[in-house]
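This is the structure, below, for whatever I ask next.
Order as written gives the chain letters A, B, C, D, E and F; numbering starts at 1 within each chain.
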């Protein structure tokens, strides 16, 4: 018996978009409001999970051809790499730095290395969560 | 003096080289090469005899672990000289003998490697001044003895014998180590010389007696004193050269050496006197008594060795009494016991070495050493017979042989001790001559057995696997040399006394001044004294007993084999193994629940127990923040949801209830002003629930658990107990208000880290390291899940691992 | 006044949650429970909104949205589990 | 009492209304006989309840802090969007998993379509 | 303070591990990189260890946040000795793995997991922050969870459930203890904690909390609460079992020493007595277990338990000498236990049997291997001049000086049991009538015997060359017995 | 409030302990999940409840509530998530290979 998921899929398309946007927002704004790499990553992951829920694995993988293990690995590498970067500058490991710039369009903007670190965290979280869920689901 | 250190090192070096040389020169018996080592060393030592005799000592230190005061200090004095000469001298003869004894088919490289290892270790024992280095070599002798006993390790008896020897001697060694450490704590030095020099500080120390006992344990186990002697007969599984060398001439003398060495420290103490001489006497008697019943010649010799070791040991004990008196004209008489001990030490090595070699010859040439199959060999093996008779008669203590001299001195010492007026010897002293005499009678009996049952009487060629013939000349050289010594020492005993024994008396009685006073001149004839009468008595009664052997031998049957020390040892081991299997299986059930119960119980008992015992509990509500109604309701929701999990009938319900818990905690995080936490908790909880659902498609629904109500009650009690302890301690912690937390610092997050979200600033910056590692944790888990699902054991891979 | 109303509202929401919890415990079917769980989620959204007002902070507004998202995803997941026994399909028919 | 306070009060009342609605829907979920009817209570009135309270909060923040919270608006939209879908999915799942209808149900028209083999 | 080098023992394995994930198909490359990494770590550890001798305790404040606010790594001789030996042992076990673990494992991220494990272990040794210790533990534990299941055999899955659940519980206790500690003292930096405990006095409540920490670390160390240990050490592949046998309990031991010498040292009559009792009981039950079974892996596992008891005797006695002894013994034990487990695994690999009475006469087929068994037997029994001896000597001496005769007796008697249990292996399986005909003989790979020999060299060196490390050891013990040295290094300005 | 929460923690701990002691592997896993809930609450409670404002500098003024425990709990949450994911998969893999989810049946055989 075929089960038709039209309603679900239609809504999902919109919802996933909202969630992804929200996830990115959480990740970027984390330094000043609740959020951050973790939560951002988790929310992004849940968007992807929603995709898997409403579609099947094959279909999602076609449109999102990523090896999530490697995504996670890149994330970890990024997160640790920022720490290691401080070694090059001769400051203690994991030294973060930040500065304010007056950018044309955005106005006063804070740029901080924490964001790179957090990006690594977010990537790792997305990668790991999806890897886990995919691994279990692919198991016969 | 470098050469002494050199003497210890050389055997080790050669031992390491033996396998290579063996591979190079397959044709030549490697023993010839190895024999050069002890001969060289013997000559080297012999060269020093005159100077040592004149009271000179040689010390050399080579740093090993100077920061712990453990240094490779060698010390050559009279006492170590005796042992050194024995080790190298008998060693040379034994190797010569072994060249003929062991065919090139045996794994000779191993044999000689072990033998050299032993030789080096034994030299190390006697030449070391540092207690720890002494211990190192001491254990090495046990190890090499183990390897030699297990030389024919395909035989079960060899392995068991080796194990027994190793266990007993190493255990004793460990006891001795503790004793040494105690000596170090008392004296603050590892050097034996320094300890002896400052012995006065030790005797009052509380650890003096325990130290003494521990050191003696080491000595007694090594020297096969009662009741630790049981390893020695089993050690006879070793090739006969080994038995001759280690288990009669040298290694078992290490314990004697140790006692002699430590006599200046402990001697003079009543306990030392009684334990050393008492154990020696018991061993003397028990060994000789048991030797008589043996039918295997080697076993007989083993018991006789035990007995003789007891004799030497008891002499050392008797001699130690002189130190109680201190140096005086009267006390010198007691030092004669020690002199006799050293004398007999040498004599025993000569005649027992010869006898072992004789037995080895019989075994090797005739294929048996069972006296029931031997007899009348005198005519067929005249040389072997001669050596055997010389050895036996010397051991029996008859004139013309060196055994007579030392035996006489032994009797004299036991008689003399009755005159001592300390240690309640006036009344108890009488037992020494009595036991000595009885034991000597038995000694005489078994010596007669050796002579008459093997060499005289009817020939029984039908019971032998090989034709009767004399041994090859090479094999006879060594025993003949030894028997020459047996006779030679009888005629020129004072040569030995003056050059060898005198300096060692000084080592044992350092406070007694000129050793010449302590060195009597030895005479075979010294008038009709009690000792001579005793010897005559021994011969008469011994001959009678030998005649009547068949009549009284059933006495041995009275000793049930179930109650022998050996049986106790074996029963103890098997009991220990089976009992420990039972015990361990009892608590290592393999059940996770049991393990958890242990942990929880331990937690409740220690943390909870101490908490109440110490009165740390305190509670106060003053700090509490006001409660709102909805908060109470939410707490109620969580409590109900939690409890409902226990009773839920399906896993889905329980999982959903867990979700409720998770969501409710998120709302508490909101109430407690933790926005980041609330967010994270919500997402994590949902994903966790999803994971549960994912996993459920691979798992069966849970069945109703059939658990005995007793288990249920235990579980409930533990659960409530754990909860209670956690709560009560938490309440006390809440009430403990002394310190400001460090987090005020983080409130400057904006200036410090450019973040307005303090929590995020902590996670990303102040404690970014935690976050980094936590990402790693997550990554490992993700990767782990992947591998666990993808990598599966192939069928058939299980067989090994799953037994 | 406002505060009192808000706390009353909070209490009422909490009571709703209690009732929904009863349904979760009682069941009888999994969809019953899922419905109740969804309801709890929705009520939590309301509660967070109200608490934000009480605490005078905007810090929890993200949580509202997230809770909305998650309640939705969880419900989908549970319904797929109930319906098909698996949550994520390897390959669907269409 | 100025205008702002009045509006705040109004917002609070909105929230209160929402909470009362939610209790009512909760009563529905406990009283109604089967999952399909309960789902009705849960998805419809409960959604209304949450929308009411979110709107109240939105108004409150707008008035009190002069903040038009996008997140709240988004939340409202989101709930509005997803609640019906969720309700649909769960009842459908229930039906396919053959959760019983209440005995009061007069007719079960889908049964023949979905489970013809039951006949 | 800026000593970035001391983060390398943690960060390098992690980063290399992650990079190896990308190199998944290239097994050979993975081997080379991981081995080179471990050797590099050994070099770095040596460098740091020597730097400490000249510069004193090194510390690295991550992100430049001064203690007690940020997280920091503190490298004193005590920690670095652990790090050094752990890395050496890991490198050697890796060599063993090359020829034994199998390509399927290697492609399933075996090397990354090992590197993560060692990263967690190193981090646990170096961290100066109690919560960070928890996190490092988790890194190590997660890696160990994966490694123990790697291969997915029935027994592995079965035993790992127990291992994981027990460790979850112990991590939980850890968090509870941290909550209590933060609730009372309001800080997480170990030096700062120590200062505050000293200031407030270690009252009953703080002592209660310290007992909770004792439970947590005892679970990790296998002190009395070792129930997870025998099962989980006997199921994974040999190289992993050896790593576990050498490293896992040592982390718990390290934590026990650190907490009870640095923070909770004010009430030794309670805490250290309890540790003493636990150590004593551990020695007894470990000894009983060691002779209870025929399975080589179980015998080895209970030997681990005995060693834990022995090392903790040093903590219970708590004098500078006893610390020194324990440190010597820990180093010895890491090497010798790795060797023992490698040997046990090799025996099983060669014969296909696990019980000692099913094997016999291996020395005839594999003489060198047989002698290695003998070496490890002697080494673990503490027969000099192999490595176990010095530690035993010093612990014994300290026990005598402080009058702990019961512990002394148990500790030394246990080494007789160790000897007996291992002699059983040697006499039953190595000596004796050979059962393998030359045709059936499984060749002993070079890659398997070489690491064993390397470890044997290690145990010989550690015994004969004790003088080389005595400087480090006594420095480590000095720091342990004078907490102020550590506190000064951490909190005493820059 | 704190006392009440601590009592709640006690109940959670007791329930979790009871679950962990049961034979079914899923119950055990659920028990560990509840345990981690309990300890997160405990850290937060002992870190000081409701004594200040939300730790967002732009949102509110001092005094702030203690932010450090929150950061710690966040770390702990993520770690316990990782562990839960792992043990769940472990449980079903063990079930697949050993054919049982009953821990009594998973005791394994010691050599006897």
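Methods note: a residue touches a chain if its C-beta (ideal position, glycine included) is under 8 Å from a C-beta of that chain, and two chains touch if they have at least 3 such contacts.
The chain lineup, named per UniProt: A = Na(+)/H(+) antiporter subunit B; B = Na+/H+ antiporter subunit A; C = Na(+)/H(+) antiporter subunit F1; D = Na+/H+ antiporter subunit G; F = Na(+)/H(+) antiporter subunit C.
These figures come from a predicted structure and were not determined experimentally.
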item	value
If a chain touches chain B (Na+/H+ antiporter subunit A) and chain C alike, it appears here	A, F
Chain A to chain D (Na+/H+ antiporter subunit G), fewest steps along touching chains	1
Farthest chain (mean CA position) relative to chain B (Na+/H+ antiporter subunit A)	D
Chain at the geometric heart of the assembly (C-alpha centres)	E
Gap in Å, rounded to a whole number, between the CA centres of chain F and chain D (Na+/H+ antiporter subunit G)	31
Distance between chain centroids, defined by C-alpha means - chain B (Na+/H+ antiporter subunit A), chain D (Na+/H+ antiporter subunit G) (Å)	80
CA centroid of chain D (Na+/H+ antiporter subunit G) to CA centroid of chain E, Å	57
Length of the line joining the C-alpha centres of chain E and chain F, rounded to whole Å	28
Per-residue overlap in chain B (Na+/H+ antiporter subunit A), given as positions that touch at least 2 other chains	581, 584-585, 588, 590, 592, 596, 671, 673, 675-676, 678-680, 683-684, 686-687, 690-691, 694-695, 698, 726, 730, 733-734, 741-743, 746, 756-757, 759, 763, 765, 767-771, 774, 776-785, 788-790, 792-793, 803
Residues of chain F whose C-beta touches two or more other chains	20, 25, 28, 42, 46-47, 53-54, 56-59, 68, 74-75, 78-79, 82-83, 85-86, 89-91, 93, 97, 103, 106, 108, 110-111
Multi-partner residues of chain C (each touching 2 or more other chains)	10, 13, 15, 30, 34, 55-60, 62-63, 65-66, 69-70, 72-73, 76-78, 80, 83, 86-88
Chains touching one another, given as label pairs in label order	A-B, A-C, A-D, A-E, A-F, B-C, B-E, B-F, C-D, C-F, E-F
Interface residues, chain D (Na+/H+ antiporter subunit G) side, partner chain C - complex	5, 8-9, 12-13, 15-16, 18-20, 22-23, 25-27, 29-30, 35, 38-39, 42-43, 46-47, 49-50, 53-54, 56-57, 60-61, 64-65, 67, 69, 71-72, 74-75, 78-79, 82-83, 85-87, 89-94, 96-97, 99-100
Chain E - residues contacting chain A, complex	1-2, 4, 7, 11, 14-15, 18-19, 21-22, 60-64
Chain E contact footprint on chain A (complex, rising order)	69-70, 73, 76-77, 80-81, 83-84, 86-87, 90-96
Chain B (Na+/H+ antiporter subunit A) to chain A touching residues, read off their complex	675-676, 678-680, 683-684, 686-687, 690-691, 694-695, 698, 753-757, 759-761, 763-765, 768-769, 771-772, 775-776, 778-779, 781-783, 785-786, 789-790
Of chain E, residues touching chain F in the complex	131, 135, 138, 142, 145-146, 149, 152-155, 157-161, 164-165, 168-169, 171-172, 175-176, 178-180, 182-183, 188, 231, 293-295, 298, 354-355
